[in-house]
Every structure is written in C-alpha cells, then in structure tokens.
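Look at the two complexes coming up: subunit A is in both, with subunit B in one and subunit C in the other.
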Partner chain A sequence: MRLSDIALWVFTLAFFIFMILPIAVVVVISFTEAGYAAFPIPGWSLKWFARIFEYEPFIDSLITSLWLGVVATVASCLLGIPAALYLSRARSGWATVITTFLLSPLSMPMIVIGFASLFFLSALGFGISFLSLAIVHTVICLPYVIRTVAAVYRAVPPAYEEAAMILGAGRFTTFREVTLPLIRPGIAAGSLFSFLTSFDNLPVSYFFGSAQTNTLPVVMLAYMEHQFDPSIAALSTLQLLLAIVALVVADRLYGIEKMTVAT
Partner chain B sequence: MTMNRRRFLGTAGATTTLLGLSGLPLRAQGGTLNVTAYGGVWEQAIRDCFVAPFEAKTGATATVSLGGPAQWLSQVEANPEQPPLDVLIMSPDLAVLAAEGDLMDDFTVEKLPNLQYIPQEFTDACLGKGTYFDYGVGGITYNKQIVSEPPRSFADFVERVSSGEFIASVPSISYGPTTVFFLWAINNALGGDVDNVDPFFEAMAKMKDNLVFWAGPNDFFNHLASGEADLGIYFDGRTWNHVDEGVDWIDFINPEEGGAMTAVAIQKPKNASDLAWDYLNEVLDAGNQAKFAEILNYGVTNTQVEYSEKLASRVTPLSEANLPPYADIARVRNDWIDRWNREIGM
Partner chain C sequence: MMPTVTLSNGARRALLLAPALIFLAVFFVMPLLDNSARSFIREGGFTLSRYTDFLTDRFYLGVIAETVILSAAVTAISVLIAYPVAYVLVRKAGGFSGLMIFFLIAPLLTSIIMRTFGWQVLFARRGLVNQWLVNDLGLLDAPLRWLNTPGLAIAALVHVLVPFAVLSIASVLQGVDRRLEEGALMLGASRIRTFFEVTLPLTVDGIGTGAILVFMIANGSFVTLVLLGGGFQTLPLLIYQQFNTTRDFALASTMSTILLMIALACLWLQLRLLRRQGV
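Here is the complex of A and B:
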C-alpha cells in the first residue's frame, strides 16, 4: 500500500470518528428509555419522539420555521436571480461593488446582523413580527442564491441567448426557454442552501422571537437550557432525516453533482 | 394561464397583504398580555402556576414567549415606547441594567399587594424596579458512587481539588452566571471581596490541573455521568431535577460558607399593559409560588410559602445562602472576565 493510500485511509477514518460518530451518538441517544442524555443507553424507547409532538412549542415553532424558510427562499429567488443574471454579465466597477454588498451578510457575524436588524426594523415600525423575520432571513439567504445562480450563469455562453434573440425570441421568452432551463441547477442549489440556512438559523431569529414568531432553533435553545431530557436529541434526529430527504429529493430532481458544480 | 402585468401586480399585492396580516408587529394589546418564560418544564410551570390563575381572575389572556433575558431586554430596548412584552423574567445582573436604563416600572405594594410578603432586599437588589420570585443556590454536586466524603465547604473543595483528590467540573466564563455563583462565591468564601478577586484566581491557579470546564448546565451532568469529573459546582434545583429523573447517584451540598443565591427577577417594562400588575401579583402569590416550587425544585421568595416535606429538605433556606451584590458586580464584571480570559482562558 502506498503512503498516499495510507494517508487517505487515515483521513477517512478521522473523518468518520470526528464528524460522523458524534452525530451517530445523538441519533442513538434519541432512542434511549432513560430520562436523561447518557451514552451508552440503558434501553430503547420511542418516547422522546412522542414528546416532540406533545410539547406544543416544538410543533408551533417547526411550522413557523418551515414557513419562514419557504418565504425567505422565495423572496431570495425573486430578488437574487435577476440580480445574479445582471451582475454576472455586467462589466462596470459598480457591479463588483454591488455584488460584494449583496454577498456581505456571508462575512458578517450573524449575531451582529440580528441585533442591528432588531433596532433598525423596530425604528421602521416593523417590530417583532413574522414580516421582520422574513426580511432579515431574506437578507441572510440572498447571498446563497446569488452565488450559485451567478456561478452557473457565468458558465453559460452568451451566444445561446443571442441566438434565441436573433431567431426572434423576446427577452422574456429567451429567459423562459433558454436561460431558465440552463440555470435551474443553480436555482435549485441556491434554494436548498437558502432554505437550510433559514431553517437552522439561531442568532438572527433569536432577536425576533416571540410567542408568535419563535423558530425551532430558538425553542430548542430555550428548552435545552432548562430541561435535561433527550427530546432535543430526538428532534435533531428528525431534522437530520429532513435534511437527508431534502438532499435525496434534490438529487432525484436535479442531480447533486450538477448542484455542487454550481457552487 | 398567462401572466400579464395587471395579474402580476394583483398577485404581488395579495401576497404582500397576506404577509402583512400574518406579520403584524407584536404589541401589548388590550385584553392580551405577552409574558415570558424559559423553555421546557419552566414554560409549563409558568402556564399552570401563573397564567392560568391570572386568566381565571381577569378574563384576559396571556401569551407566553420562550427565550432568554438578553433577547427580551433587547426587544424592549428596541421598542421602548411600545414594548412587545409586558412582563420580563430576568437574570439579576440584567435586571439591574434594565433598571439603571430606566426601562422598567417601579414595584410598589400599592400596585402589587403580594409584594409585602417578598423580602425588601430582593426588590432593592432590582433598584426598586422589579423583584426576585425564584432562586437557586450554587454549591457542590458530587457523584455519590465515587466521592464518599465530599467537601463540606468551598475552602475544602479548593484544597482537595488542588491536591488531586478529585477532578472537578466547574463553569466556564461563557456561561452567564459564572461570575456570580462561582467566581464571586468562591472569592467571598476565601476572604476576597468585589474589589479584590485575587483569592479566587489564586485558587484557580492551584486547581487548574484538576479542572474540567462546562459551557452549559447539561455539560456538567455529562462530565459526571461519563466519569470525566467526580464533583463540581452546580445548582441545587438542577441536581434535584436529575434525581427526580432517575439519576440516583448524585447529591448536593450547600457549602458551609453559603452558596451564592442565583435568583430570577421579574420586571414590567415602562409603557407595557397595566394588566401586567395583575399577572405579577399572581407570580408573587404564596399559593402559586408553592406550586411553582414543587414543579421546579427551586426555592421561591414569598415568605408565606410552606414547602412540602420533600421539597423542604431540598430547598436551601434563604438564611443559608448569600445574596451577591449584583449592582457592585455589574460594575467590575468586565474586569473579572478580562482577567479570567488572560489567566484561565476557558
């Protein structure tokens, strides 16, 4: 066996030990019959999954998180796709400035965005509301859509669209019949990242939490701080399952390979 | 279906209206009160012990917002004229900050008849703009299967951990209350004061090879369960909660010098609904507090409360706990954290 093969084996083993095993432990703990989180588990039970459905704030906040993820993703696509198409082809210096500005939420600490947005949106009269949450989540999701769509669109030769227009297609028809099918993997990848970013977000959602607007991560944090049972592990297992299903569906629809190329 | 400009604008308008309707800013409204609670068992206890009697007596309704004091205080600071919350549950240090920032209303017996049964020092600790209603004490929690003769005092704890007799799990600086229930408590027990924390840092230097740090309360339990630590600094109520969940191998000791009282304050933001006074009075009611204490295994502050036999043996009496000088600690807290980061780092 060559040295490079050994190194690859060591790397793979280390990856499984440090990345996969902790997740596997959480999954196993979610099936414990004990009233506290400990490993190895003394016996098997599904009661912590039942607890998720008994505890109303988990379900209410899950619905809020799902809605928020969808609204933020749709808004990010509506704003991000046209911006990405224009900025990808633009040659002016302003385009670089605007692109950097639109991508800036990626490089800012989320907690700063959350805190600043709370005061800014409150001053504008939006206060603690679902609308405020949707606005801020759109801001943090937008870069993912712009990046992925722009990356795919830059790889599309302008000649395709020029050919369609020469053959008589208008701007909208060209977009619908030529551009959109070509950038669809980028939109799918951007939407997936956008949804997952919104769904998992804690630092921004934290500042806009209320009885009506608490998201799942905020409720999970509040629960974990004062309760010791393994229902959070069960909830994490369900979230993991949700992410896997989303990836499988995305793979079937667009192909993970195409989507990862897009990023 | 073709999408012309009129249809597009109509759809966009309808969407915006729907979003707007479901996303109206949260405001304290006439017959509805927005109150706060920590998550899990806390939330259920707040609903059963305080919200239910409040709703029964007033006919009003109360919604419960889950989260934490820093989040709620930020929301009130951002909307002082129309606070989105009517009642705040606060940590003692943030209660002082909120009072100093003139964001909260004064507590008086005229507004809150049950305030007369709460020791005045708890209202004074909130600068008159709030009071404590629940408290725990930070002391020594240990694994009974490993530690047969646990330390009975903080001084003994420091001595025996330093000698390597035990591995101790102690809170890290990233956990908010650490500066009070650990740093101040041990410093106080070793003869220091707010302006002299050398005794604490000298003790930490002696113990450093035999310490593991917990970032959140659940870590502490994991340290003991996994055998990573034998004992540590933890809260009485949380220890009893573990016992009630079937963990029969841990126990708690209130050190001889007295552990630090870590209280939960309640406050009413200025401009919040006046209904909040009715709710707050329920929070301070002896019967409601007794019920609350039974659920959470923590002590409560109304002097008229009579605990059950089981709880009476668990709750650390107020007379055996030390009330930290929260306002003074707030003044030097940043210096302590800075020194901790330089000398301890965790």
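Here is the complex of A and C:
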C-alpha cells in the first residue's frame, strides 16, 4: 500500500468516527441505569424506554406524528405519482421548468415555509390544526415522491406499455397491469422517504404547535429545554431503529445506490 | 346536447400534472408571496421602507453577513472533508462501499435533536472529550468549556451537512473517465500532478453543485444553533426569535424574504451549473 493510500484510509476512518460517535453515544445512553445523561454509563437498564410510555405528551405526539406522516405521504402519492409519470416521458423545455418548480420546496428554507404557511393558512381559516400541518407536510414531502417515482419510471422502456396497448389493453388496464407494477419500487421508496421526512420535521411543525397538533420532534425540543434526562435518548434510539428498518426495506425494494444518485 | 370537448393526447396527459401544480401554487407559492407582501405594506400602502431600514442598519447588515459567512464556512469545511472521503468511496473502497454508504445515509435519518443531544453529552464539562483530554491523555490541566462555543456549533453543522457533500462529489467522481487519468500517468505525470491537473478539474462542476446544496441547507438551519448556542446571529435564528419573543411579524417577513432571495439565487446558480454539466 502506498503512503498516500494509508493517509486516505486513516482520514476516512477518522471521518466515520466523527460521523458515528455522537449518534452511538445517544444509543448507549438510552440503555443507562443512571438518572442523568452521561457517558460512559454506570449500568444497563430499559427503564428509559418505559419512561417514554409513562409520559403522556410523548405518546400523544408520537401518535400525531405517525398519522401526520401517513396522511402527508398518501397525499404526496396521489398528487405526485401522476405528475412524475407525465414528467419522465416529456421532453420539452417546459417539462424541465415544471420539474424544477415541483422539486423547489426542497431548496427553500424550511423556517420560511413554516412561518409563511402559518399566516397564510390562518387567513384561510384552517388555523393551527392537523389539517394545516398535513397540508404543509405534503408540500415538503411531495418532491421526494416525484423524484423517486420519476427516476424509476424513466428507466422503464415505453415499449412495455406500447406492447400492452397494441395487444388491445385499454389505457386504464395498461396502467394497472403494466405501469403500476413496474413503478411500485419507486412508489415504495418515495413513500418511505416522504414518511421519514415528515416524521423527523421540526422547523415546519414548530410553527403549528398546540396541545392537539404537537408532533414528536416539537415535544422533544420543548422537553429538552427543561430537562436533560435519558428519555430523549431512548426516543431517539427508537426513531433511529425505525429509520434503519425503513432504509433496509428501501434498499431491498429499490437499491441504496440509486437513492444516493437521485440526490 | 352535451358539448364534446376533444383534447389532444398531449393535453390530456398534461392533466396528470394539474393536481400537483395547483396544490403547490396554492399552498407553497401563495404563502411565500403573501409573506413577502406583508413586508411591503405599511399602514395600508406600499412601502420599501422596511428594506431600506433593514439594509442600512449596521446590526442587520451584520446579521446578513454572518448568515452568509457562517454558511460559506460550513460549506467550505464540508467540501474539504468530503472530497477525500468521496475519493476513497469511489476509487478505493471496493467491497466496503456498501458499508460506507450505509454509514453516510444512516446519520441523515437521525433527528437533529438526537445528534445535538450526542454533542451535548460528549462535550459536557465532565463529558467524554474532557475526560480524555484531562485524565487519559493529560493534555489539559482543567476541563475546557465546549458548549456554546462557535467551534462546536460549526462542527455540529458540518456533521449534519457533510454527507450531502460526500454523496454529490462521489456521484461526479464516478462519472470521470479513468482513461484520461491513465493517459496522464502513461505520459509521465506523477500521481499528484494527475490528480491536480486531470481529476480535480474534471470534478469542479460537481463540487460546485454539491457546495451549493450544502450552502442552501446551511442557510436555513437553525435548530442546531438554537440548541448548541455559539453566539451566532443569523437570519433563521432571528426569525425564530421574532416569532417566539419579540413578535414583530413584519420584521420577520422582511427577514424571511431576504433569506428566500438568497435561496432563489442559489437555486438559479445550481440550475446553471447542472445545465453546463448537461444533466
């Protein structure tokens, strides 16, 4: 091995330690027996996971967050899949402009989207409600669904659908029997991304906080401002577990490399 | 009799776009326009006075400068760290590349709260880092105060953003034609010269795209700065404070419009770069 290669590998190793250490520490602390958050831990216990279920705001907000993620993802699929189907076959200059527009919520500062939507939706009479939250979350989730579905559909040769039509299948039958099965991995991966994005969102949800609409990240932030105990670590660990399961599933369905290229 | 509307094939397919377009026009564009409009109205009339006030105030000019400089610094550090890692990922990792990608993406899926919590524990007064430095390595006599320092806040921001930089640089490196490098080597250029005169110039546009992506996300982030401190005064932080405490919503609208303009400028720059790459 050349000296430069060794240097590169050492640097890469240091990089991954930097990336993983702050996360690993939190995972370990979630299993602590101590009443305070410190590392290393004096002994192992599951009591902080039990604490999650005793503290009502955690559970209430967890349920809100799960529902919100599902509703925003379903709405994103209903709006986004047709658009993705059209855009991946279109070749005009307009299609590029429209794609850019549909993906642009990803590039705008979240805090501005949240702040602006609060005033706008209040003026429309939606106020601080689950519906408002669902609308804003759909705005930020929609680009993920469009991007993944379009990437998958672009790789599908039009010949499959043409063959079905030539053999006498109608437009709808072709969609249901040919197109839909082919783009299903894209829909699944896009939905997972969308759900995780919604579930993790803080900068937008923050503006729509109330007893009925607090999401899990908002409650965790408020909790952290007053207390610094390991229950936040336990919640984070559960959340990470959920995300890793989702990632592994997405990898099986869609391929992890393709997701990174699409970014 | 019902009038029959005949649509061309193209027009009918364009209807597929309508739901998403209408939804984003109403619930994404309108709120942003409405928000900006509020900053141009004072006592029922149109005014630019908020912007002239804002842009001539030394404090607020400083805030804009600090926002841009902090994002630029975080971006520069992220790109410098990301390039060697992306190089190893694409050229050297071989069978390890799947594992590396997993460890790059897994942190992207953890919440900002989790990572901040981790930093707070590691760098607490009696935290792991101070224990290493004082007790194990003996480099320091007394524990250092890390929390609420600018350095730690920057490190935490880099931690959030560097995976994006690695992934976008890696995708460009993957596209470099290896024959060009082999050619340079065969003609007698050293490895280092080949890197600086062939590989690096071929990936400059990709670095640009990755850098703009990181810069855009850095520009809007505030949760890390709220929780880890560091004494920064940036536009997102001030918008957050205006909303929470001062409640001067017109000022917050002015600041968010300026932040939005910076984001739009970045988006425009990114599109230009992408077009040049012919993606």
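FYI, the second predicted complex is superposed on the first by the 234 of 263 C-alpha atoms of A that agree within 3 Å, B and C clash if a C-alpha of one lies under 4 Å from a C-alpha of the other, contacts with A are read in each partner's own complex, and residues count from 1 in each chain.
Quick note on the criterion: a contact is a pair of C-beta atoms (placed from the backbone, for glycine too) under 8 Å apart; a residue touches a chain by one contact, two chains touch by 3 or more.
All values reported here derive from a predicted model rather than from experimental measurement.
> Superposed on subunit A, are subunit B and subunit C clashing or fitting side by side?
On the superposed model, which is not a single observed complex, subunit B and subunit C clash.
> Could you look at A:240 and tell me whether it touches subunit B, subunit C, both or neither (first, second, both, neither)?
second
> Looking at the overlay, does A:218 come into contact with subunit B only (first), subunit C only (second), both, or neither?
In the superposition, A:218 touches subunit B alone.
> Please work out whether A:115 is in contact with subunit B alone, subunit C alone, both, or neither, and reply first, second, both or neither.
both
> Check whether A:165 is in contact with subunit B, with subunit C, with both or with neither, and answer first, second, both or neither.
In the superposed model, A:165 contacts neither subunit B nor subunit C.
> Between subunit C and subunit B, which one touches more residues of subunit A when both complexes sit on the common chain A?
Looking at subunit B versus subunit C, the one contacting more residues of subunit A is C.
> Just subunit B (first), just subunit C (second), both, or neither: which does A:207 touch?
Both subunit B and subunit C are touched by A:207.
> What is the contact status of A:71 with respect to subunit B (first) and subunit C (second): first, second, both, or neither?
A:71 contacts subunit B only, not subunit C.
> Once the structures are superposed on A, label A:37 by its partner contacts, choosing first (subunit B), second (subunit C), both or neither.
Both partners, subunit B and subunit C.
> In the superposed arrangement, which partner chain does A:9 touch: subunit B (first), subunit C (second), both, or neither?
A:9 sits against subunit C, while subunit B stays out of touch.
> Touch test for A:228: subunit B only (first), subunit C only (second), both, or neither?
both
> Would you mind checking which of 24-32, 42-50, 204-212 or 240-248 on subunit C runs into subunit B after superposing?
Clashing stretch of subunit C against subunit B: 240-248.
> Using the superposition described at the top, list the residues of subunit A that contact subunit B and also contact subunit C.
37-38, 115, 119, 123, 207, 221, 224, 228
> Quick check on the complex: what are the subunit A residues that touch subunit B?
Residues of subunit A touching subunit B: 34-38, 57, 71, 115, 118-119, 122-123, 125-134, 206-207, 209-214, 218-219, 221-229.
> For subunit C, which residues count as touching subunit A in their complex?
13-14, 16-17, 19-21, 23-24, 27-28, 30-32, 34-35, 38, 81, 84-85, 87-88, 92, 98, 100-107, 109-115, 117-122, 124, 126-128, 159, 162-164, 167-168, 170-171, 191, 216, 219-220, 222-223, 227, 236, 239-240, 243, 249, 252-253, 256, 259-260, 263, 266-267, 270-271
> Spell out the residues on subunit B that touch subunit A in their complex, using ranges where they run on.
Interface residues on subunit B, with respect to subunit A: 19-20, 22-27, 34, 38-43, 63-68, 71, 74-75, 77-79, 82, 84-85, 216-218, 221-222, 225-226, 238, 241-242, 245-247.
> Would you mind writing out the residues of subunit A in touch with subunit C in their complex?
Result: residues 4-5, 8-9, 11-12, 15-16, 18-26, 29, 37-40, 78-80, 82-83, 85-87, 89, 98, 100-102, 104-105, 107-113, 115-117, 119-121, 123, 135-136, 138-139, 142, 146, 196, 200, 202-203, 207, 217, 220-221, 224, 228, 232-233, 236, 239-240, 243-244, 246-247, 256-257, 259-261, 263 of subunit A touch subunit C.
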